[in-house]
Amino acid sequence: MSQRNPENRPHAPTPEQRSSIILDEVTVVIGLEVHVQLNTAAKLFCGCSTEYGAPPNSQTCPVCVGLPGTLPVLNAKALQLAIKTGIALECEIARHTKWDRKNYFYPDLPKGYQISQFDQPICGPGHLDISDPKGRFEPRCVRIERAHLEEDAGKSIHDETDRKGKSKIDLNRTGTPLLEIVTRPDLRSPAEAKAFLTELKLILSYIDVSDCNMQQGSLRCDGNINLHIPFAGTTIATPIVEIKNMNSFRNAERSLEYEIGRQFQQWQANGLTIDDAPKQTRGWDDSTQTTTLQREKEDSADYRYFPDPDLLPILVSEEQIAEISSQVITLPSAVRKRLQDEFGLNAYDADVIASQGPSLVTYYLAVAAGCGNGKTAANWIGQEVLRHLNEHEWTIDNYPVDALALTQLLTKVSEGELDQTRGKEVLDEMVRSRSSLDAAIETLGIVKVDASELDELCDQLIAENESIISQIREGNTKAVGALIGKARKINPNANPGKVRERLLAKIGIA
Amino acid sequence: MDLAQHSARQLVQLMSAGEISTADCVDFFLARIEQNKSLNAFVDIEANSQAELAELARRQASELDASYTAKQSTPLFGLPIAIKDGICTKSTLTTAGSKMLQSFRSPVDATCIHRLRDASAIPIGKTNMDEFAMGSSTENSYWGPTKNPFDHSRVPGGSSGGSAAAVAARLAPCALGSDTGGSIRQPAAFCGITGLKPTYGRVSRNGLIAFASSLDQVGPMARSAEDCALLMDVIAGHDPGDSTSSRVACEHYSDGINDSIDGLRIGVCRSFFGEGLDAEVGDAVEHALQQLKSMGATLVDVELPHSKYAVATYYVVAPCEASSNLSRYDGVRFSYRHTDESLDSMYAESRGHGFGAEVRRRIMLGTFALSSGYYDAYYLKASRMRRMIKQDFEDAFKSVDLIAGPTTPSTAFKIGERSADPLSMYLADVYTVAANLAGLPAISLPCGFDENRLPIGLQLQGPAFSESNLLRAAHQFQLNTSWHAEGPNNKPTGEAK
Amino acid sequence: MADEASIDPDLVKRVAKLAKLADSQSLEQTAAELTKILGYVDQLNSAEIPDSIEPFFGAVEPESEDENAVRSDVVQPSFDRETMLGNTTDNDGEHFLVPPVF
């Protein structure tokens, strides 16, 4: 299909009509293809390690280098992880699945074909629901079209200097198991796309099928996008563009934003619709913050898919699915609901906790149960603990304060032994010096102030602050705050609440 | 002692008993290989790869002699064996008859080679073949054609022509071949030896350089069915390294061959004896059928209505798979690289110059038949016909134990006679391809000579995993005839014993 | 299929591009050869195959999940790099080298 002149079509909008339409009236249509590296120890069809960062070509063998005579044998765990993902996305799991060869030449594709799944993917239709706790978009059910297993290609390292040096091929990554998850075109904005990716990544970490490390390429995303423009009671669709290598969620959002503007501008300028121009593949260029044309689908490869005769079809039993289902216990959506229903958190706080992944949820649950107050636990974890994690780029697994220690701290606070401010100082100290609760309290010189000390302190305050005392006596009880500030200067361990209570009693107000 | 006249089984017995040393035996056959270089049965690149392998063989033999007590009872103790060059042997060259792999050394042995070594057999040479097993004459080898020991102006058949010629000329007591559409059986027939294509999945394909993965099988080639059984006992069996390898338990083939064929029901498909079959071949096969009948078998007419489509089906399926299997020969990691000018020219020129004409033709054919718009009409249609062909056999085997007929429509043709006309070459496979399409075992054994004293082959085909039955019928036939004992230089007796 | 069997030089060119095959033989000659072979193959058209017939792709399929041909997720030692690079002359001791990919 070559470009046609859209003006020849009946009822096509004129240039003037096109320029009168504004972007707000346009519906954005986005579908995503996500490649997830499954966390197996060995490759999909041979025993080589999948560990990242090994010296080039040190994790290769005759099978993954595609030497003559070699044959693939499927890694059972990759299949299990694919099924597990399918279950989490409520996909139909195929009872009979098979392998196909996708034929194309590329130096880092050793066999000249990729073993993939064409018409019988392991996971059929499913869905993933997204919502925004801040309410920036309406909750949406994003349909999953399919998810299939395939082997990864290797890495080509190009000479960036003068474009004349040879390209270097590293086949360590070749044969790493990937699950390609394909959505229906259900997403309506770049923000939704980002939310989808965020939620998908979260689910994958909850069910422990991938480390989703985008820097290491464990999660890669391509997007398909076009615009539906209302005109004269019908809808005009712009040509579909596939954006490759949106290598971070932020870039995914930005490249889709860019593409909306570009497509709309293009359409206003030339009026080309989906029927007039072939599908384009464009790449996101981080340095220029634009997408650039890579190829038009017309001259794209003819992959000549056919069933791989080296591999048998795979049968999946009900028992196998039930067994794997039993491992998919907790998903983020369920955690959010539980945090709201059982612990009384609001949607936002529940999302903050759930979005940090299963380890932090476990931590939270331990602290909430220990201190008996889910909201307090959420406040401290959502603010103080996450602040520490962000500052130090830690995960909860290497946070120096374990759930028991935080529980004990919160108990001291709730019982009035420490006030909020002192409590936070103690937590900071525990993190700073990696010390126990008691040691941190000691380091900060916090000692319990007994009744006689409190009495003495209050007497001193009354004696030294006549004018404030008289204000209080005249009914300005708020003025007691100034005295509390002074009390802390004299003795930082004095509990503000108790100081207030005792002062008012001595003055004779309470 | 003329070791050339002994069967593989007898040689193993002699060496196990200590009557001859494995070193002497290996030297004897290495010398015969050296003396018969004009046959071009072995791949001998610049006259050094055979020497390299010979050296390894000698070393292996002296190691065996040194550990005689421990190894003497291994099933193939000291047995020299010729290996088709499409089967990977560790460290030495494995070229599959192609310029593409002119300097390829596999870092691993094929599973069948591993099993042979474990049984104390000694690979003594890599045999010539049609490039990537594509051909029926061994003319399509980068290393030049192999000659038929019975008539040096004629082809030995193919693609395992080097193995067949080596066994026929007694350069090796036995050999391994591979069979994708008749590549063991057709050369066995042309060279007057016995060759078995096992059931698909019976012998591991791990280490066999793929031509068409769903059709390829490794199998034994020897002077007798008894020797084929001896090899099958070693090479057959499940291999976890080949996903398509069968888990059906193996029979003990050498034991099974001794039972009589009294009562065996042999199917005869009359359509095999019609147009296209040389009269002399037809007569010899008819005689063989009568021989089997006289030994107690019953002959039953069967029909295989779709077998007439087998060649057409095969020449879609095999090229399709081949076009993909041969994509790895791209000049990057191990295969011939013609130029470094640009990436595109490296691909196109390396593949254009590294592959011979027939291989290029089949890659083109397969690429076309899988390409967008043609897949359904060719690959899918042929794959559906393939099921019809398989079902024909399943139906036939409800009433018979095996099916007998000619292996080839003619005896060995002249070198060069068919090379200009690919289609006429393809039709040499007319009786053999169906077994590959259906995944069934089939054996070819000598059953006579034509007027030029060129061997004629009888083919027996059986249901899946009936190798034992096929070997038994063939062995019993060979106990009662002497065709298989006729060497290239002997005068034919022409009569059954 | 009868129409499709005739292969013209343009189609040969397209297929050769897909297959990455340079050929010293003329496109016309290759077209003629392939057309002849496909002419023979086209006899499949005359065969009647009932709609119920599923394609047979060769391997005998497993009959239960227990027969799936799989291995467990255990790392096996890789081969040493020297061996894996050993069949090509164009390497830098660490990588396979190819003409620039652009």
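First chain written, first letter: the chains are A, B and C, and each begins at residue 1.
By definition in this document, a residue touches a chain if its C-beta (ideal position, glycine included) is under 8 Å from a C-beta of that chain, and two chains touch if they have at least 3 such contacts.
Computed from a predicted structure; not experimentally measured.
Asker: Based on mean C-alpha positions, which chain is nearest the centroid of every protein C-alpha shown?
Answerer: Taking the mean of all protein C-alpha atoms as reference, the closest chain is C.
Asker: Could you let me know which interface, A-B or A-C, is made of more C-beta pairs in contact?
Answerer: Answer to which pair has more contacts is A-C.
Asker: Measuring from the mean C-alpha position of subunit B to the mean C-alpha position of subunit C, what distance in angstrom results?
Answerer: 23
Asker: Can you compute the centre-to-centre distance for subunit A and subunit C, using the mean CA position of each chain? Integer Å is fine.
Answerer: 40
Asker: Calculate how many whole Å lie between the centre of subunit A and the centre of subunit B, each centre taken as the average of the chain's C-alpha atoms.
Answerer: 57
Asker: Which residue numbers or ranges of subunit B touch two or more of the other chains?
Answerer: 104, 107, 213-214, 240, 243-244, 323, 330, 332-334, 340, 343, 347, 367, 371
Asker: Give the residues of subunit C that touch two or more other chains, as numbers and ranges in rising order.
Answerer: 18, 20, 57-60, 67, 69, 71, 79, 84, 87, 90, 96, 98-102
Asker: Got the subunit A residues that touch at least 2 other chains?
Answerer: As it turns out, subunit A has residues touching two or more other chains at 62, 65, 67, 73-74, 105, 107, 166-167, 169, 302, 304, 309, 311-312.
Asker: Considering only the defined contacts, which subunit C positions touch subunit A in the complex?
Answerer: Residues in contact with subunit A: 18, 20, 57-62, 64-65, 67-79, 81, 84-85, 87, 90, 92, 94-102.
Asker: Give the list of subunit A residues in touch with subunit B in this complex.
Answerer: 62, 65-74, 101, 103, 105, 107, 110-113, 166-167, 169, 302, 304, 306, 309-312
Asker: List the residues on subunit B that touch subunit A in their complex, please.
Answerer: Against subunit A, the touching part of subunit B is residues 87-88, 94, 96, 101, 104, 106-108, 110, 205-210, 212-214, 240-244, 320-321, 323-324, 326-330, 332-334, 340, 343, 347, 367, 370-372, 375, 379.
Asker: Give every residue of subunit C touching subunit B within the complex, in rising order.
Answerer: 1, 4, 7, 11-12, 15-16, 18-25, 30, 33-34, 36-38, 40-44, 47, 49, 53-60, 67, 69, 71, 79, 83-84, 86-88, 90, 96, 98-102
Asker: Can you check the complex and tell me which residues of subunit A touch subunit C?
Answerer: Against subunit C, the touching part of subunit A is residues 40-42, 46-49, 55-62, 65, 67, 73-79, 105-107, 156-159, 163-171, 301-302, 304, 307, 309, 311-317, 319-320.
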